[in-house]
Structures are given as structure tokens and as C-alpha cells.
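By written order: A, B, C and D. Residues from 1 in each chain.
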């Protein structure tokens, strides 16, 4: 029964006992057990990643009215393993003039920046790698390592398309980081904590009801951070071939690709954590941490599916529109939301009216935004029409 | 446990390397890189003193955060100036920027 | 020798070695990447000093923003100008002397300070450092003024830099 | 263990080890038959002209600049946001003033036309 209540710490304690009984010092034993645990954990993430490839291919096939992989194994479930074998036995090409060390480091950093996020993922209250009290800042920091890997890949490839693609991707990633951080700040204000566990604990009512607009902003900026459609600059073959990973082949390209998929899933998890109560599901999580972890993974998969849904439904946005949308719309809106949430949240602190007040203020902001956009669009249209007298001629 | 002297000597060495970079590099961007090293040395000192001498107050960390803000402002304006100079005079070698010499 | 001491020495070697590469490397973009290595090393030191918030801020601000800005600025200027000539000017000997002097001076100064071999006092675990920090930043008797002045400073930097870069753009 | 960052450090090590292992296995298994054509820079089959280090436009710098300023701002705002519920009401207004001052910078850049991608 002990195991069911707190699986990780039970295993940890029994392992520690058996290690130290052999005469090992406690610190060394702890570090060794952690190392084994992390290895298992990361391996789990990588295996999950393999299945994400299958899910991705299957789902995109359904969106496009195809069957998808269906030859290897039932429903083609072993297709990703065939993919891996193919990636492993492909020749690894390093282009002439490339900066070899940085060329090889870039995919490693890209994958690492994603794996690092798993250190703070709270699957359940007692099933969390480490509960940092600066958890959300850690999320942003891991993202900046990802940005770094993009710029390394682009520069080291010695290819114009790669360099240009890297610059565009970096401009996009750093731009969308600002509304994302502002959205995280809104959550931090609501939870009064930056740690992942603290945020989950604060969600008696999921934060989506406190901050629905913030959720939309976070979703958009998360998709942009991931570089998925409609923000998938790398796929704009007609402009920059394959962006920063134009020159990558074999396993190194595989790492970028797998990193992107795992990153999407991880962000699905963070959406579940920040806005949908993490492992909570109508009291079902009371059954034990393992059930909580399964609920959490289920929620993460659902939001992974939402990200895919957006990806295969919306066409790509041009880069100038993308950046204008961020700086002229999303960033001001996110900061206005932060100010309003801080004010309203503080005014109604510990009152029963907190959730309705925040929800209504969100609705109000949404309405004002739509009205502003309408009038702005009308003005733009009038300006366009004033510039084009010929169209009025044809109306006669 | 590590004595405070180790951190302070490390910070002093980092500061000196940064100073060398500022004085010796030709390239204006590289000079700014040296300034960054010096600011980092200062920050190591601030956080070290906070941890060893006054861990119950936050003074050291507040100072370090202000240093971050100053470093950001310095880099932003400094690099903008370098880019502007590059556009106007087509050089960023600090020795050649002698318009204000006389 | 304890594990923490060995760790410290590894990080110190990384920091000083990469810092030395920053000031001597010929290729500017490599110098920028070496700076990033230094910054990571410093972040690791902050983590060792139990200043997790500072470590994260170091990575978010320095690696995530300042280093990127440096790389952008380097790529905006042409390569021949950056990498053709020798990296150091002709006064580098004097500069090295100054560097050594400053190190020696700082070392003797620190030697004579009585707290030179202080040991760290235990950190009380019940105080949440970030909450303390947030409280200190907005309390009028503490650091409210620096907090607001910092925003004005950033505003001034933004306006100044945008103005200067705008001049460059109009050419 | 009092310092949770040891765990993060181990995570960094493992997180680097896994991709390195993947690349190493691929390098071990894969064929190695380099030739000049295969290793040439891929630019849609056209011979590469000049250096890949081309002149970029100043616009990238402006975006990075605005990003830097807002990034530093968030560092100040995170402690403020965490401790907000324990602070008196005027602390909220201090934070709002802080944000408004920086939004003024964004508006300035906007009005100057520096946020246009041209």
C-alpha cells in the first residue's frame, strides 16, 4: 500500500537502504540512484517520442483523408522503429566549410533543451523530478537554450539558406517568448508561486476559468515557440528550403525532428499544468499518484492533439505578418491582461467573487479587443479604397 | 565547504581577463564582450557576499538584478552605436574611430 | 577534497578558460560562443551558491537575450572587417600588464581583509527567497526606487538604441 | 539533499548523453563514403556564390533589442508576481507603473516604424 501512495520515494528509500548497506556513502548512493532514475525517465521520454512520431503520422493522415502507416505491425505501430533503423544506417554528411564542432553540438543542444523541461514536469504531487521554486523561469531558460541551438545550427552549416532560416526562426522564437512569459506571469500572479507543484496545488478551480484569454495567448505563443504551423518557417521551402536544418542528414536531422515532436508533447503537458489543473480530474486523482500521472499524460496527449489540429488546419503565415501580429497585438494584449489580472486578483483576493470577476474582466477585454480590431480594420479598408479609385470606376 | 576566498579570487581573475579584453581588443564588439565579462565578475562577487555574509537579507540579489538591467541597457545602446558607426564609417576597429581626437 | 570543491574547480576552469578564449579568439562569432560558455559556467556557480533565481536569470537574460543580441550585431557587420586583422591591438602588452596588475591588486586587497576565509553560514530553509525579493522590490523603505528607476533605465536604453539604429537604417 | 540543482545538473548530463549516444551509434553504423559533390553546400543544386556570411538587415537587431528589454523586465516582474498576494494594494500599482513605462518604449518603437519588417 505504501508503494501505491508514494511510488517514487518508496523505491528510492529501499534502493538507498540496499546501496548504503554495502558500505557506500549516502551522498554517493543518492546521486547514483538519481542518475539511474533520470536515465530511466529520459529513456521513457525517448520511447514516448518514438510513439509520438507514429501518432503524428497517423493523425495527419486522418486529417488529410489518408490511411497513414499501416504495413509494419498492427496499425503500422512499428513504423517509427523502421524509421529509426533507417536514420541510424544513413550516411552522416558534414558539408564543406561547416564548423564541425558547432555543427554537431546544435542537434544535441536542441534535444537537450527539450529533455531538460522534463526535470520539472509534475506528473503527480509525489511524482516530480524536482520541484524548483523558480520552475517557470526554468521553462523560459530551457527555451533560450533551444534558441541558441537554432542559431548554432544555422551558422555552423555554412549555407545561406540555413543562416537566413536560423535568423528568421530566432527572430520568431524570441518575439513570441515575450507574450508567453507574460502569460506565465499571469499564472504566477494567480497561483502566488513559480514552482510547478505550487501552481497545480493552487488550482482548486482550473486556471482556464480565471484566465481564458491568457490561455489563448499561451497556446498561440507556444505553437510559435515550437515552430509548428501556422508558424512553421522551416517548412517554407520556396523561401528558405528547410531553414536552419537544411544541411543536416541522418540521425542529426532525426534529433531535430524528434526534438520538435517531444517539445510539442511537453508543451501540451505545460498547458495542462498551467491551465487545466495538471493531474486533477474531478477527484479521480485521489486514487493515487499513478492514476494522477496517467491523467496528466492523457491531458498532455490531448493538448498535443490540439497543437496538431491547429497545425494541419491553418495555413502558414508570412514572416512580416507573424512578427507584426506578435509585437502590435499579442504583446500589448498580454501585458494589459497581466495588469488587469494583477489588479482584479488583488482586489478580490480571498473573496468568492474572484473567479467571476476575473472571468468577466477577461470577457470585457476580449470584447474591447474585438471592437478595436473592427474599427482598425475599417480604417485600413477605407485607406485602401482611397488609394484605389479604379475600383470605384468599375462599380458604375 | 568552499571558502569564500575561492569565489573572490575567481571573480578577480575573471575581472582581470575582462579588463585585458577591453584594453587589448581591436574590435569594438569584442570590447563590449570584455565589459560583459567584467560585469559577470561583479555579479559573482555580489551573490557570493550575499551567500556568505548576509543570507537572511536579499540585498545582494537585488543588487545583482540591478546589474543585469544595467548590463542589458549597456549592451543595447553600445551595440546600436557600433552598428550605426559601421553603417556610417564602414569600420568597427576601435583604433580607427578617431574622429573626435582633435 | 570534497565533491563540491572539485565541482567548483571544474566550473572555475571552464569559466576562466572560456573567458580567456573570449578575449583572444580571432573569429568574432567564436568569441561570442565562448562568452556563452562562460555565462553557463557562471550560472552553475550561482546554482552552487544556492541562488537558483540568479542562475535562471543569468541564463534567461544573458544567454537568451544578450548573447543573441551580440550574435545578431556580429552578423550585421561584415566578416572581412571582423576576422581579417589580428585580434589584438599593438598595446596588448600594456593591457596584459594592466590585467595582471588589477588581479594582483585585488588579490592583495582581499588577502588583507579579515573575512577572507569565511565559511558559508547555513541557509534557513523556511524563507522563500523569491517572495522576499518581490517584497523588497516594492517596499518603499527598501528597493522601490531602484525598481522603478530600472524600468526608466530600460526605457531610456530602448528609446536610445532604437533612435540610433533608426539612423543606421535610414542610410 | 539541500541543493535541488544537483538533480538539474545530473539531468543536463543525461540530457546531453542521450543525443550524443544516438549520434555516435549512427556514426558507427552508417556508411562513410564522402565525395566532393555530396559534401558541397546544398543551395538547390546551384553553385554556391560567395560567402554564407551575408549582410543581414538591421531589422533583426531591432527585434532582438525590444526582446532584450522586455526579457529583463520580466525578471523584475517574476518576484513581484510571486509575492503579490502577500503585499498591500499599492504594490500592484507599482508593478503596473513599471509595465506601463516599458509599454511606452514599445509604443515609441511602433510609432517610429521600427516594428515593420521592410
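The definition used in the following text is that contacts are C-beta pairs under 8 Å (C-beta built on N, C-alpha and C of every residue); 3 or more make two chains touch, one makes a residue touch a chain.
Computed from a predicted model, the values in this text were never measured in an experiment.
Asks: Return the chain pair with more inter-chain C-beta contacts, choosing between A-C and B-D.
Replies: Ranking A-C and B-D by C-beta contacts puts A-C first.
Asks: Return the distance between the CA-based centres of chain A and chain C, expressed in whole Å.
Replies: Going by mean C-alpha positions, chain A sits 29 Å from chain C.
Asks: Would you mind pulling out the distance in Å between where the CA atoms of chain B average out and where those of chain D do?
Replies: 21
Asks: Roughly how many whole angstrom separate the Cα centroids of chain B and chain C?
Replies: 6
Asks: Measure off the straight-line distance from the CA centroid of chain A to the CA centroid of chain B, and report it in whole Å.
Replies: 33
Asks: Would you give the residues of chain D that are in contact with at least 2 other chains, written as numbers and ranges?
Replies: 4, 8, 53, 56, 58, 60-61, 64-69, 71-72, 74-76, 78, 81-84, 86, 95, in rising order.
Asks: Please set out, as single numbers or ranges, the residues of chain B touching at least two other chains.
Replies: Where chain B meets two or more other chains at a single residue, that happens at 65, 68-69, 72, 75-76, 79-80, 83, 87.
Asks: List, in ascending order, every residue of chain C touching at least 2 other chains.
Replies: In chain C, the residues touching two or more other chains are 48, 50, 52-53, 57, 60-61, 64-66, 68-69, 72-73, 75-76, 123, 128-130, 132-133, 137, 150, 154, 157-158, 161-162, 165, 168.
Asks: Indicate which of the five shapes (line, ring, star, complete, other) describes how the chains touch one another.
Replies: other
Asks: Taking the touch rule as given, give the residues of chain B at its contact with chain C in the complex, in rising order.
Replies: Spelled out, the residues of chain B in touch with chain C are 1-10, 12-21, 23-27, 29-30, 32-34, 36-37, 40, 43-44, 47-48, 50-53, 55-56, 58, 61-62, 64-66, 68-77, 79-84, 86-88, 90-95.
Asks: Which positions of chain C touch chain A when the two form their complex?
Replies: Residue positions touching the partner: 3, 29, 33, 36, 52-53, 56-57, 59-60, 63-65, 67-68, 71-72, 75, 128-130.
Asks: Mind pulling up the chain D residues that touch chain B in the complex?
Replies: So the residues of chain D in touch with chain B come to 58, 61, 65, 68-69, 71-72, 75-76.
Asks: Which stretch or stretches of chain C touch chain B in the complex?
Replies: Per the touch definition, chain C meets chain B at residues 2, 4-5, 8, 12, 15-16, 19-20, 22-23, 28, 31-32, 35, 38-39, 42, 45-46, 48-51, 53-54, 57-58, 61-62, 65-66, 69-70, 73-74, 76-77, 81-82, 85-89, 91-92, 94-96, 98-100, 102-103, 106-107, 110, 115-121, 123-124, 127, 129, 132-133, 136-137, 142-143, 146, 150, 153-154, 156-158, 160-162, 164-165, 167-168, 171.
Asks: Flag every residue of chain A that touches chain D in the complex, lowest number first.
Replies: Touching chain D from chain A are residues 27, 30-31, 34-35, 38-39, 42-43, 46, 87-97, 104, 107-108, 111-112, 115-116, 118-119, 129-132, 134, 136-138, 140, 157-164, 167, 171, 174-175, 177-178, 181-182, 185, 188-189, 192-194, 241, 246-247, 250-252, 254-255, 319-320, 323-324, 327-328, 331-332, 335, 338-339, 342-343, 345-347, 349.
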